[in-house]
Structures are given as structure tokens and as C-alpha cells.
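Paired with subunit B in one complex and with subunit C in the other, subunit A is shared by the two complexes that follow.
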Partner chain A sequence: MSVVSPRASGSTAPEGIGRVVAAARARPVRVLVAVAMMAVLLVALVWDPEWRELRVVLTVLAILIAPAVWDAQRREVRPAVAVMLALILLALIGPLFTRDPLMLNVGEALGAPGGDLWFGTDQHGRDIFARVIHGAQLDLGVGFSAAALAVVVGMPLGALSVFAAAHIKGGGLFDSVLLRISESFQAFPTLLLALGIVAAVGPSIPILIFIISIVNVPVYLRLTRSAVAPIVNADFVLAARCAGQPVLRILLRHILPNVKQVVLAQFSVNVAWAIQILAALSFVGLGVPVPTPEWGAMVRDGYEQLVYGRWWVALFPGLAILFAVLTLNQLSDRVRHTT
Partner chain B sequence: MPLAIYIGRRLVFLVVALFGVSLITFVVTRVLPGNPAYLIVGVQADESTVEAVIERLGLDEPIINQYGHYMRQLFSGDLGDSWRTKNPVTTDIADRWPATIELATAAAILSICWSVPFGIVSALRRRSLSDRLANVASGLGVSIPEFWLGIILILVFFFHLDFAPAPIGRSLGTVPPEVTGLYTLDSVIAGDWGALRSSLAQLALPAITLAITTGGPLLRVTRGFMRETMASHHIRSARALGVPERSIVLRHALPNVLLPVSTMVALMYGYLLGGTVLVEFVFAWPGIGKYAIDSIAASDYAPVLAAVLLSACSYILVYLVMDILHFIIDPRTRT
Partner chain C sequence: MSAADGNGMTVPHAVDPAAPDGGEIPVLDVSDLTVGFGSADKRRSIPLQGIRLQVAAGERMALVGESGSGKSLTAAAVLGLLPEGAEVIRGSIRLDGEELIDAPERRLRELRGGRMAIMFQNPRASLNPVLTVGGQIAEVIRVHGDAGRRESWTQAVDLLAEMGIPDAGRRAKDYVHQYSGGMAQRAALAMALSCRPDLLIADEPTTGLDATLQQQVLELVVEQVASRDASLLLITHDIAVARAHCERTTVMYAGRVMEVGPTDAVVESPKNPYTSALLKAFVTVDQRRMYAISGVVPTLVGELGECAFADRCPLAGPECREDVPALRPVDDRLVACVKA
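For the complex of A and B:
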């Protein structure tokens, strides 16, 4: 990992609106991406009042990771990113081409796979294929949102706590208190802690995102902490301090960019965890509300059909979880090895 | 540093960690929205019961006093009552704890048996068949949802091959006289081989499920450490001195690898003590995890909280024991 800070020389850039223009000139692609993202967000929010915000999350993500597929410098990462992108696009566009995942059809209940119904039907005659495709939106959307929330909270907090311990008076106490709290959090088995909280608060999609991210914050906090610790007294940080830059700016501009690769690799793993936790919570009946197509809840349906030996109800949603999680883990491995 | 001082220091850390754990469970139940009295007695309880609980927990007092109250309760070993089973939670947990320990221990042993040797062998030659197989096995082990794997194993080995017994708890036949609470050990003590076979058969599928999912990370870590060690200077020196390859692996590399691997094993075991929830549920294994889930389904909150607390504490304890063992085994930690 190279330790560089592009802007250690203090602020010589123009101020105000001139700065924005200069930045836009320097990196036109990034600005384009940012504008496109904002447009998509706006359209999607106006267009869909329900919990389709997850769709927005996925769209943003697709836009963010798409460049890596064509990036010739990241040859190692490309196939994994491509599979991930395909999965996200499937979650976004796939639902348009399937049957209604909520349509009840008692006449066709528990039909084995074959003919039009590729994955068979469940106990209410719903098309399992349609439900698996629709479930992708929810599982991936919640997974990414929860992991993103955990990063946004955990990463700056981790960097701040090391920085405070090294540079700010009384920061050592802050650092050790934070560390003890996160250690205590990590003593809890993730799933059981999430179970306990959901049982107390009651399940709904925003709450699930919130809880899954809470149990993941300590992971980022400690990861960022250990990644920042070796560079917290590096020359460029001291230089920025001498130049009188504010703490927040030093953290965001000079320290965090150096650890982003480590955090990125962890992010991918964490999305996988989030999907696993969500599926597990739904499996025991504490996840999404009942008719919603969600992979873990569908495996639960299959578990109830187990005594009759009907394998297809549980098999396909489980394979979907496996495939998504496997892809994310592979992606993380590749990212880690290219550093 | 002498052992006594080290243990003393670790015990201080232990107290701090336990304090943190209790604080978190307190925050989860008291500070989050919702009336904890209802969580404890259930939604259908009548006014007077709710009032009584509010009185007993001191819910009308300031939050600091409430915390003091809560800590006093914890110290006196009172975790509340389960209104579903009508027992104190501590009694219920004492009944079910051995089942979880038996499953977690069996799973840990199986997991170590396949993943550690596999990791060591696969690290010896890059891009060999065993290396590739290890890649696939660890990738799958990390990614398979364990509840689904359990279901698939039941489908294959119970329904189609008729190889395993029905997945309904710990024993189909007679239960051996209780000594340790672990059916397998108890039946050995009683000399009842039929009971031993029955309890082992019941244990097999859930333990294999957990061994597959926990073995994945262990395999990956073992392989990583082994590769690192095999590339290190002292191994190169040994090679240069003409030490036979067998002896390099077994005498020079292995001891260096087993130490960090043992850390992972301890972490895994600590995780398993609270992480068997889903598998217990799938196999109707009457342990702590199933107790917690059944209680949630009945809106009975005290057992859930107790299970969460217990698993966190056991994790911390396992970690402590491992740290102390390391201190004794590894001279480098004594500086």
C-alpha cells in the first residue's frame, strides 16, 4: 500500500464556486457519474413511494462499480465485478419479465419444477422463480444499505479514535472507551444480538437495515483503526497539522484515502454477512413481513415442506443466497489480493 | 511478567468486558422504544401484572437507578421468569445448556479434524489439486447459509438415502442417567452402547452442518499461516542445511502454525457456543438457541435476553482461557 497524500501542501485551490468548477474540469467523469446518480435518485424517489428505495440503492451501486468491469488495470477484479454487476442488473430488471411473485394460485400449489414453472411453486401456488428474482432486489438492497451504513459510521469513527489518541489531548481516553465498547459488541454472536434487538423493537425493513448495520459497525471501527494506526504519525499528517488544517479535513483528505482499499475488501464481505443475517432473521420469522419475497423466508417455507420431501421449495432460494454470498466473497478476495 | 500478574490483568479486562456486555443488553431492552414490561410479561398480560413488573424492575425510576437495579438482579443470578415455560430462566437454561455444549463441541472437533490437516497439506504446494480443492471448500464453507445446508442434508441423508435418523432432537431411544448432561458422555459412563449409538446418530447431521460452515474460515486461516511459515527464513535455513522435507514440515513449520491456529479454534468455539441457533432450530435440537427462538415466537423476552447474555459471556470466557494458555505455551508473549 502506497502512502501518499495528494494535497498535503495546504489549500492553494481557488475558493467558493471557482473551486467546484476547477474540480469539475479536473475530473469530468466523476462529475458525470455524480450527476447521473443524483438524477436517478431523484427520479426513483418521485416515481416510487413504497420501499422501492432499495432499487435506488442498487442503481447507485451498479453505476459505481460498472467502471471496474472495463478498467484494464484491475484485471484480477474484473470477472468478479462483472458477475456482481450482472446480479444487480438481474435484481433491477429481472422482475419486469417474471410472473407476479405474490399471485396466489391454489390449483398449482406445490408443483414440481418443469414446463413454464422453472423452479416449481410453493404451498400457495406462487411461482418460486419469480419470487427468487424479486427477492434479489430486497436481499441485495438491504445487504448493501446495511453495509454502507456501517461503513459510514464505523470508518470515520475508527480513524478519529486513533487520530485523537495520537494528536488530541484526552483523546486516549476516547479511543480506549470506544475500543472497549466495540470489543463488548463483538463478544455477542452477531445473529443472536440481532435477534435480541429485532425481538425487542419489532421487524420492518428500515429497522432491519439499521440493526444489521449496528452489529457491523465495530468491525469497521477496529479495521480502520488498525489500518490508520501505522500512518497516523506519518510526515504528511504532521505537515497538514502544521499547516493548520482542521481535524475533519485531515481525516477525510489525508488519512482515509490511504485505507480505502482495506475497507473496500471488507465492505464486500460485509454485504455478504448482511445478506446472511437478513436471510437468517427471516428464516426464524423475524425478518420481512410475510408475503414479501425474501430468500431466507422462502427457505423457511421450504423447511415446512421438508416432512413431505418437497425439495424444490427450499433448494432454489438457498442456492440464490449461496450464489450472491459466494460472488461477494470472491470479489473481496480479489480486491484484497490486488493491493 | 509472572503468570499471576498476567492472569490478574486479564481478569480486570474480563470485568470490563462483562460490564460492557451488560451495558449493551441493558440499552437494548430499556432505552430502545417499546415498554420493556410488555416484553417481559407478554402482550396479553393484564394491567396488574404489568404494574407488578414495572414495580419490580423499577421502570418508573430514573435511568441510572434502573441500571443499578438491573445490575443487582444480574449479580443475584436473577434473569427473570419465562412465562411460556413458567420456570425461572436460569433453570430452563441450565436444562438446555448441555445440549448446546454437546453440539458445539462435536462440531468444533469435526471442523478441526477436516480443515486443519487439509489447510496444512494444501499450503505445501501452490496450484496443486489439494490447493484448488481447498479453495473451493473454504469458499463454499464461508458462503453456505447453515440453515439451508442443514435442510439439504436432511433431504439427502434422511429422505433419499434413509441413512440418518429423523431430525427430531437429541435422542430417539432411552435417555442415559444424567451425570454431565451430555448424552454421549453419559451413555459411555453408564456403559449403555445402544444409547451412545443413538445419541451419536442424532448428533451427526447437525454437527456436520456446523463443521462445514465453521471449517471454511479455519481452513483458509490455517493455509494462510502455513504458507507464510513455509516462506520464512528459518524454513529456508533448514532446507539449506539439508533437513528432510518431512521433518521441516512436522518439526519446524507445524509448531509455528498451530499456535495462531489454536487462537482461531478458540474463537470458533466461542462463536459456536452462541452460533448454533439456526442449526438447533432446523434439527429441533433442544439447546439454548432453540429455546431463544421458541421464546421469541411466543413473545417471551426474558429467555432471549438471557441467551444473548450467556453466549456473550461464554465467548469472553473462552477467549480468556485461550489467552492464558498462550501465555503459558508461548514464551514470546512473556516479554
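For the complex of A and C:
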């Protein structure tokens, strides 16, 4: 398709930037939202050099899911998307308005919630509210990045393996090899596998994202594979082949769009898993380094205080995890039901 | 067994006495096509044995036979899309004189959709549920030509309108679940004809539709094929459909061609005992009991060295078991029967 024939270039169809402008005119609200998001991103990038990548991920995600909020055809998913969007925006902009989450104040250590300190303080006198809000950026950012990476690797592999087995010579071998590899990954409990790898290579945010995504790749591989398998020999695929379309184009244009709903539903549930894995890793001390605010690490810091009746240290980050995971599960559930 | 050269060494290439324009190259010329499932050293099933099928330019040919006689498999072989495990053992398939067996995949891709197209039995299943109908047709046009997005879309809408879809500009943006069965088949026809193929293969195109629609859709197919000077290969098990729409008919049984000739002649005075039996089994309104051919279809393991119908044929004699009866000219047609 890369060859541009003289006839095609002379046609009236808008190309390149013209097409973008035409699409923008058709949907002005979406363009406004996209511009607003870009502005948020710019602010988020300028104000703090740390975790820029995570902020980019969150902003891109917000832009992607925002249209579903007012898409009348997706009425079912609107509330869940709206809550999710609010959560992401809070994670992006919230930190601008809170206190410094790292500031130590031993004089105010373990202060109960009240006054200016809505969620109280931890054993080092740090503001728990500020830490929960800052932690949102890290947890959601890592969760979405890891799930996205897992989808990007797992979905095409899964679709290709079963498609190749049916339509490309020698594809059966590729399929079996891929499945055996994914099985060897799945033979380990997810968390144990993640623990092992982190213990071996040492924790840092990119490595955590990488590891959490690695343990999730087999999930997408198998999911996509099982979703593609029943339609890989569907009449419309055969019809597309009979119409002379190249096999890879059929895979991309005709098959993947048919399974995106399933994968999307899995994706949002997977973000929740990723957050839980990150929290669990931090809880056992193999997550993000101290004193970075992260929900799982905060729960670990707080659970010793529970026996002394200082419930707020562990409760608020715990509620944050619960809220994020519930929202994502809701989103996943609604997406699945709108198929 | 070199047959790719298509000189018909294995089965004498009988000249069809009734083929129109006998001198010209047929659009589709299948000769001695033999297809096997499984590897040669094991028990191999041979679902197609020595198929001969010619469709002349502008001709409408019916391919009739009972389920499992190899009609659809013949179509798949012509398109070069045999199912996994099946392979062409020998024979030749020529489209406008060009040999398709062992042709490179790239060339076959150009031909599929471009010079030969197919429409299937279930039109709803043969259109992708998540792409717009117009978008799918436009995509085929883009794959085979150098039309741009907008140009191909306009062509797709025009085609849908031509096939009798009302308000085509709007309906082109619909998905297939928003179409009725008849409309979906019209859309499938539009897609098949989008690149002006020389040959349209219609594989039981109206079996999924009710009787009133059958007639309409078939008339549309015939009319559109004729207006494009294309040829039609209509695969059907309904002899009435073949008789109403096709000039000539090829009768298949157990992976063999039994009889080829003008449809009316084949129906009115069948020369192959199998054709007679098939016609007798065809239910008519004033019939008291249904006729059934006694016996069963032979298993298709290995190449049969005798007439495939010999076990069930009322006329069968020892000479029927000596060899595979060759297709030979008898009066106005070709018959594969030693008794004819």
C-alpha cells in the first residue's frame, strides 16, 4: 500500500493533515477535550521532573477513555468511565494542591485525622492525604502502563498464533511453541514469579512495570487466542481471502476488531491486578523504594499501628486501593456487557 | 503424473459438443482435477477425482450434485483456498488460459476478487460484523485497484444502489446485523462484483433465503453477471434453480463429473443413470412417496478404479467395474457412463 499511484494522489480524498482537520470538524467536543488534556499534560510535565512518563501515560489514557463519557451508544459504561476519568485527573492534577508528601514532621507524628490533616499523619509526621493523592499517580500510572504493555505484547501474539495455525504454513509449530512458553510462565503463581524476578534484578519503577506486564502477557495471549479461534475460519474471513486480501491485513482489519471488546474488559480488570501486585510487592518491601508514596507501601507502614488503635495510617491507602480496583472492575464488567 | 501442463494425458480431453464458442479459450477450464486429503503413503481420501469443468465466456453453468459430492470443494480448489490438509494431486485449473495450480500466492491474491469472485450460502456470516458494509466493499476495491478512500467509498455506494439497496448512501454506513437476509446477499453480490470479475462463483447463494427472495436474488445475480459480460458458476443442489437460470449443467457424484450438457436436455433426457436417479429423487408437488436411491455413496478412500455409481446403479454390469468411465461425447453432451 506504500506505493502512491498518480491516480490516487490526484483523487479528491483528503490526505494527511487534511484528514485530521476534517475529522476534527466533525467532532468539536472531542477536540476540545483532547486540547484540555494536552494542557494538563504540559502542566504536569513542567512542574516536576519525576515520573514524567507515568504522567504521559495517564494523560494519554484520559484522552482515550474520555469520549466514552458522552458517547450515547455506550450508556452502560458512562458512569464507570466518568469515575475512572475523575480518578485519573485527580492523580494528575491533585498533587499540585497538596502538601509535600515527603516532608517529615516528627512533632506531628501519628496525628489523628482532623483539621488541616484530613487523613492524619504517619509515624514520620507525613501528611497521609498528600501521600494518598501522590500515590495515585504512581499506582495508576504503573498499573495502566503494565497492563498496556501486556496487551500490546500478548494480544497480537495470541491472535497471530491461532491465525497462523489456520492460514499460514508452519503456523502450527509457532502456535505450540508460544503456548508452551506461556504455560511455563503460568506454572508459577503470579506474585511469586514477580517476587522472584524483582529479588533478582532489584526494584525500580521501569523494572516493576516490566515485570508486572511480563507476568500478565500469558493472560492476554490465551484470552485473545481463545477469542480469535472460533472466528479464524469464519465465513467473513474466507470471504476476505476470496476477495484477495492479504492474510496479515485480514488479521488486523477483520479479526482483531472482533475481539477488542473481550480484551478491553480484561484490560481494565488487569489494571486492578497490576495495582494489587504493585501494592503486594511494596508491602513485602520489594516495590518502590522508600520514601516514595505508594499505596501498598503505606499499608505496610500502617499495619503495625493498627494494634495501637491508629487505624488511619493503613486505612486510607487501603481504601484508595479498594476504590481504584472496584472502579476498574466495574468498568470491566460494563464493557463486557455492552458487547 | 504431470498434469500441470494441462495436456490431459491422464484423461482424454473430450471436446464438449455443446460448448458455445468452442474455439475460444474458456474463462474457467478445469481438467482432470484430483484432490486428496492426507499424505500419499497413508489411507488417503480422494474427494475429487478427475474433475472436468469448463465455463465459457458469458456462460452460466450450474454445478449440481448431492451434499458431499465435491461441489464446494471444487470451488475452493479453483480459488486456491483448499482447506488444511487437502492438496491437488494432479490436474489443471486455468482461468482465462492462465494456470492456477502452483501459481504464486501473490498472483492468486490478485486474481481472487479481481478476476474471480465468490458469494457464499450465508450472506450474514460472510460479511464482517464489526465493519460497515460499505467499508468492506470499499476495502476490496482499494486492495485491487489504486482508488483512494473517498473514490472507493463512492464506488461501493454506487454498487449497493445498483444491487437494489434503497438509500444506499446511508445504508452503506450500516453494519450487517442491520441488514435483512436478502439485503445482506445483495451486499455480498456487490462485494463479489466490485472489481468486475470474469467469473462469479455462487455457492448455494439462496439456500439461506426464503422462496420468494430466492427468485429475486437469483434474477439479480444473473442480470448483473450478464450486464458485466461475466460468467457464472452456480453451485446448487436444487435442479429447478439450475434449470431456471443456467444454460448448461454439470452433474457431480462422489467427487466425479457424471454428465455435462445443456440444462434442459440433461433434465429432460438424462443419459447417465445417476442423473436419472437424482432427478427421480427430486421432490415434486404431486408425488406420493419420495424416491430414494438404494445403497450408499462409496467411501472416498483411495482412487476408485471403477464407476463410482456402480454399486447403486440399476444398469450396472461387469464392464462398469473395469475402469473409471471417461467423459465421452454422446449426442449434445458429455457422459461418464459406459452404458450411455
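What we mean here is this: the second predicted complex is superposed on the first by the 275 of 339 C-alpha atoms of A that agree within 3 Å, B and C clash if a C-alpha of one lies under 4 Å from a C-alpha of the other, contacts with A are read in each partner's own complex, and residues count from 1 in each chain.
Operating definition for what follows: a contact is a pair of C-beta atoms (placed from the backbone, for glycine too) under 8 Å apart; a residue touches a chain by one contact, two chains touch by 3 or more.
No experiment lies behind these values; they were computed from the predicted model shown.
*Asks:* Quick check for you: in the superposed arrangement, does A:Gly302 touch first (subunit B), second (subunit C), both or neither?
*Replies:* first
*Asks:* Which partner, once the models are overlaid, touches more of subunit A's residues, subunit C or subunit B?
*Replies:* Touched residues of subunit A are more numerous for B.
*Asks:* Looking at A:Asn329 after the superposition, I want to know if it touches subunit B, subunit C, both of them or none. Which is it: first, second, both, neither?
*Replies:* In the superposed model, A:Asn329 contacts subunit B only, not subunit C.
*Asks:* So, A:Leu173: does it touch subunit B (first), subunit C (second), both, or neither?
*Replies:* Neither partner.
*Asks:* For a test of understanding, state which residues of subunit A touch subunit C in their complex under the given definition.
*Replies:* Residues 5, 7-8, 11-15, 166, 234-236, 238-246, 249, 253-254, 257-258.
*Asks:* For subunit A, which residues are in contact with subunit B within the complex?
*Replies:* 180-181, 183-185, 187-189, 191-193, 195-197, 199-202, 272, 276, 279-280, 283-286, 296, 299, 302-303, 306, 309, 311, 314-315, 318, 321-322, 325-326, 329-330
*Asks:* Give every residue of subunit C touching subunit A within the complex, in rising order.
*Replies:* Interface residues on the subunit C side: 79, 81, 84, 108-114, 117-118, 120, 122, 125-131, 139-140, 143-144, 146-151, 188, 191-192.
*Asks:* Show which residues of subunit B lie in contact with subunit A when the two form their complex.
*Replies:* 16-17, 19-21, 23-25, 28-29, 32-34, 36, 39, 139-140, 142-145, 147-148, 151-152, 154-155, 159-160, 271, 274-275, 277-278, 281-282, 289, 292-293, 296-297, 301, 304-305, 307-308, 311-313, 315-316, 319
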